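Look for chain A in each of the two complexes below; its partner is chain B in the first and chain C in the second.
For the complex of A and B:
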């Protein structure tokens, strides 16, 4: 019996690999930037993770792939969609999450997660790169700013400007027009991020707004995107430590479940208990999970405080004093 | 958890054999249309509502715009007509049914009308439609419909007489409103009925003959019976596995909606017999039915067989849909063959886009319950916003009332360029994975 599983998120612009041991502990992860669905890129990501862990592909009991290129990987035993894997990974990283916002290179998605951590409903950008990492990349190029610096720049926005088009090409035209009118880059980039937030809010509306909300994907590393989305939602976003690997982690966790189910008679008591504890802790979307998920309610959605002087307020005061 | 969707297993849809007859009926009909001018027939172009029995009874050759565009798309011959229309100035966001059909009108004028074009190629179907002698505009809900007719009129030099039938939207907002009931329903039924009688006077003027009412009664008796047979066959798909799929009913739209009435009753008798036989033997529309789905949205006509196989490959039986089950003479009981006009008006009024959302959504939820579906696939047609307008509400209600996941993909009725395969794959697979994980959770 082997002791590790691998999850690979073969995305549109980056490849992510996660290796877990049989207790579900992450032993390695890697993110490789690449051209569109690049075979070399995904190989680099896998090699980086294997080298980090000091393992080889032969040490993997299960390999599960997700992302645009999920069907292209010969070493994958199974493949699942980004929706299933991102939900699974995000809930594992942020136990109790009820809404997952994932903005990646080519698509943005919002996933509502039910009480059991299962995908309840989802919505994705339909037509183009509207509101995605690619959208930001195109516009960063237009204003000659490094993508990594874009968020910091946009946070300095003072004047509210409007970018109305969500088509990357037309938005670039709008950006150029605003710059030509003399508006500073900070304000223009603030408007770009506000446009992404508005687009995200639309997707959230389609699945239902509820919290806690976790944000994953590469764009979660952009502080302005986080700021504007929080503002649009009027809710805080919880950011995992490694937002980019949510899909790969979810894939690895699904592979782990699968492998453990097949070899359950060979798994040690210690491994079994360690895994049980983690499952109970993360209340992740694992059918048969021992933990009963709590109803996660965003603090801002709690019942409003009783009106001062009202009957409810009086009753509340009486109850508190009894 | 083991919820991987299997791919590339090569499973194909087990299509109803009887639907092959529909292909022949469609071909025969268009052959008849293409030679109608040479045979001295009057030609009427129309879109939307199925007014063809009125025309057929009067001996007028009818050309249904959407049907021609759909036929071109199904034969993968739509691109040229669309290109011609775009060259003429009709933008790409315009309804692709209209754009394709207008491209055919432009081609007709270039090659037959003003003689300014090149010699026609007999294999090219874009120019073959006979020019209209009259246009009847009778479109429920779709605002493009009337503009489409007006544009057609312009292409033919504004020389073609037009008659307009106004089919009002059913608001459903009065206290007694409901599906097929209430004051609004009765008033709108009367309103459209009056106009259809005026339309008959228009037809009499064009033909120069008294309207042959007895012939209409015969045709409508046959349509009523064909509709009953079709609905009976559809109802049998509550069986598990479902003996026929949404895609079989899509292929069966032309016979009930726009083909010559002779042969339609026989067609649905054959379909019903095959469906009954399949139920008796437990034969399904897909080789291994694991999921039962509802399809909301108008059809991608250049993808019918392809989509049928795609879903079969997912072990997903797409059983019912708004487009097939809520349209095309779907209320035969309203038709009195001896006085059919009011019932025809009422069937035109209940075009599935023409209801207020509460009525529309209730009908859809009822179908989902009846066919015991596990999920809903929603096709948002890029150039038919009439059909897509309520789709977020439909998805939200399906989730809330039925607890089923939905999956929306963008495509189009006849413009293939709006369809992206990976968009559909990701969304449908994610929905099927969600269904599987719920089943496993439910069993745990």
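For the complex of A and C:
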């Protein structure tokens, strides 16, 4: 039985990889930017995560992929949609979360989670990429502002302007028109983020507003998007420490479930010893007494030594002679 | 002729209905009568010696038709007007219009305007289904339709011939229903696209030709071994006048779905009900029209003692379906109005379902695929959690 599982989120603009040990503890994660449908980007993120953990792909018991390019990864044992994975990852990051807002590079989705942490309902943009990371990218280019600085700029908005179009291309036309009218970039960008928030609220309305609300995906790193969505929802958004890796984490956790289910009848040697020790204790007629014929336990020893003539000793002799 | 050849013949007619009609007309020298979906009695036109064919949405982009009908009409009506405006309906000698939806009425007017030389026979359907006068008024409608057909074709349509056509249509429907049964059992593992070709072509092809091929197809599946369904068992619901795009159906099945039943018009709805073979043939057609709504309820009809949602839940229990995908054509008002009831009933019954709105202009299939795959994952994980 191997000791690690991997989740890969092959998104439209970034690739994310998470490695977990069998207890579900994150041992490595990596985010790599990439070109459109680029295998190099995803390879880079996998390599970064493996190097970080000092592991190789062969150490992975299960690899699960998600995201836009989920079906393109040969090394993945299984793939799940980003909706299933983001829900799983977000609930793991924020236990008790009931609504997940995920705005990624090319899609935005709102996922309602039931009491068991399973997806109850979901809504996603299905006609165009307006209100997604790509939408912000296009508009950042139109106002000649670095994408990373767009959020900070929009937070400085004073006047409430309105971007009515929900098509990225038409919105760009509106932005240019507002700038031509002399409105400052801060106000125009405030209006752009308010439009994203209104669109997100529309998706929330489709699955039902409930909390706590977690926001994941790359756009969660944009403070203006968070601010305007909180305002529109009239609810606080909980931002996980690493919102971008929620999908990859969810994929890894689903892989972990599968792997554990497959090996539920197999245990490690250490677990085997612990069980035997527990059985020995359970059988003791006097508290503290370890008078069990099969095990001679010396408390100073880390591992109990097989008693001569005992079952383990016999097995060991047999194995050595084979 | 093997199974794939037969399905291939059905597919050809389904993919090019007007091409089939042209070839049939050239071969027989007889008239072709187009009709609107969904309740036109093809038996009457058949008895009159014509080829009755239900007019189909084209997969071509709408062009000049935009100038005639507003974009908020459904894809079917806009496509029909566009085909009329582009001269695609030249093969038709007459068109039968029904009035089961207000958009169809608008489309009928637009087509009349575009095809002044084509005979239009208007046919009124009673929409209130369980009033004491419904049967009588429906008989009047069907009798009037027969009379108009006789006038147009210049020959009487005898009772005995209508009964003969009724028997042929019934036997065709029975064969296709048998295929549905076998698909449910697993002995006829037909894909949704194949099933659509089979049913859609029966709306177009010469009924005797279609029936002969269907007999061979059914016989080939009889006594087959039931293959266990590998995917999630789902029911497809909705889509009335127009056939769902084959690429959409194929995509759904690619997501690990086995479609075990449907109530699509280009599916079980069309073949659900037989016409009584005894008694007055016009009264029998009226009875058939009324029975269709109890067989597979339709949101365009009003019948207080019939619930579409209850029908769907019962059908799905019989099919052992794990969930349902609702295919709703954009701007299909009857469906839009009824869907909230279906949604409420399904939520109450804790039966998973996914709504997909379809458009004539096409859909972002990759995004839709993500939604269908997620739905499949939700249902599977829910079932695993309950197990």
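Heads up, the rule we're going with is that the second predicted complex is superposed on the first by the 264 of 322 C-alpha atoms of A that agree within 3 Å, B and C clash if a C-alpha of one lies under 4 Å from a C-alpha of the other, contacts with A are read in each partner's own complex, and residues count from 1 in each chain.
Basically, contacts are C-beta pairs under 8 Å (C-beta built on N, C-alpha and C of every residue); 3 or more make two chains touch, one makes a residue touch a chain.
What you see is a predicted model; the values in this text were computed from it and never measured.
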Superposition on chain A - do chain B and chain C clash or fit | clash
Looking at the overlay, does A:4 come into contact with chain B only (first), chain C only (second), both, or neither?
-> neither
Can A:259 be said to touch chain B (first), chain C (second), both, or neither?
-> neither
Across chain A, the partner (chain B or chain C) reaching more residues is B
Report for A:228: first if it touches chain B alone, second if chain C alone, otherwise both or neither.
-> neither
First (chain B), second (chain C), both or neither touched by A:135 = neither
In the superposed arrangement, does A:206 touch chain B (first), chain C (second), both or neither?
-> first
Of the two partner chains, chain B (first) and chain C (second), which one does A:116 touch, if any: first, second, both, or neither?
-> both
Jot down the residues of chain A that show up as touching in both complexes, chain B in one and chain C in the other.
-> 80-84, 116, 118-119, 122, 124, 126-127
Show which residues of chain A lie in contact with chain B when the two form their complex.
-> 68, 71, 78-84, 116, 118-124, 126-127, 206, 208, 254, 257-258, 261, 285-288
For chain B, which residues are in contact with chain A within the complex?
-> 1-5, 7, 380, 382, 392, 395-396, 399, 405-406, 408-410, 422-423, 426-427, 429-430, 433-434, 437-438, 440-441, 443-444
In the complex, go through chain A and note every residue touching chain C.
-> 80-84, 107, 116, 118-119, 122, 124-127
For chain C, which residues count as touching chain A in their complex?
-> 363-364, 367-368, 370-371, 373-374, 377-378, 381-382, 385
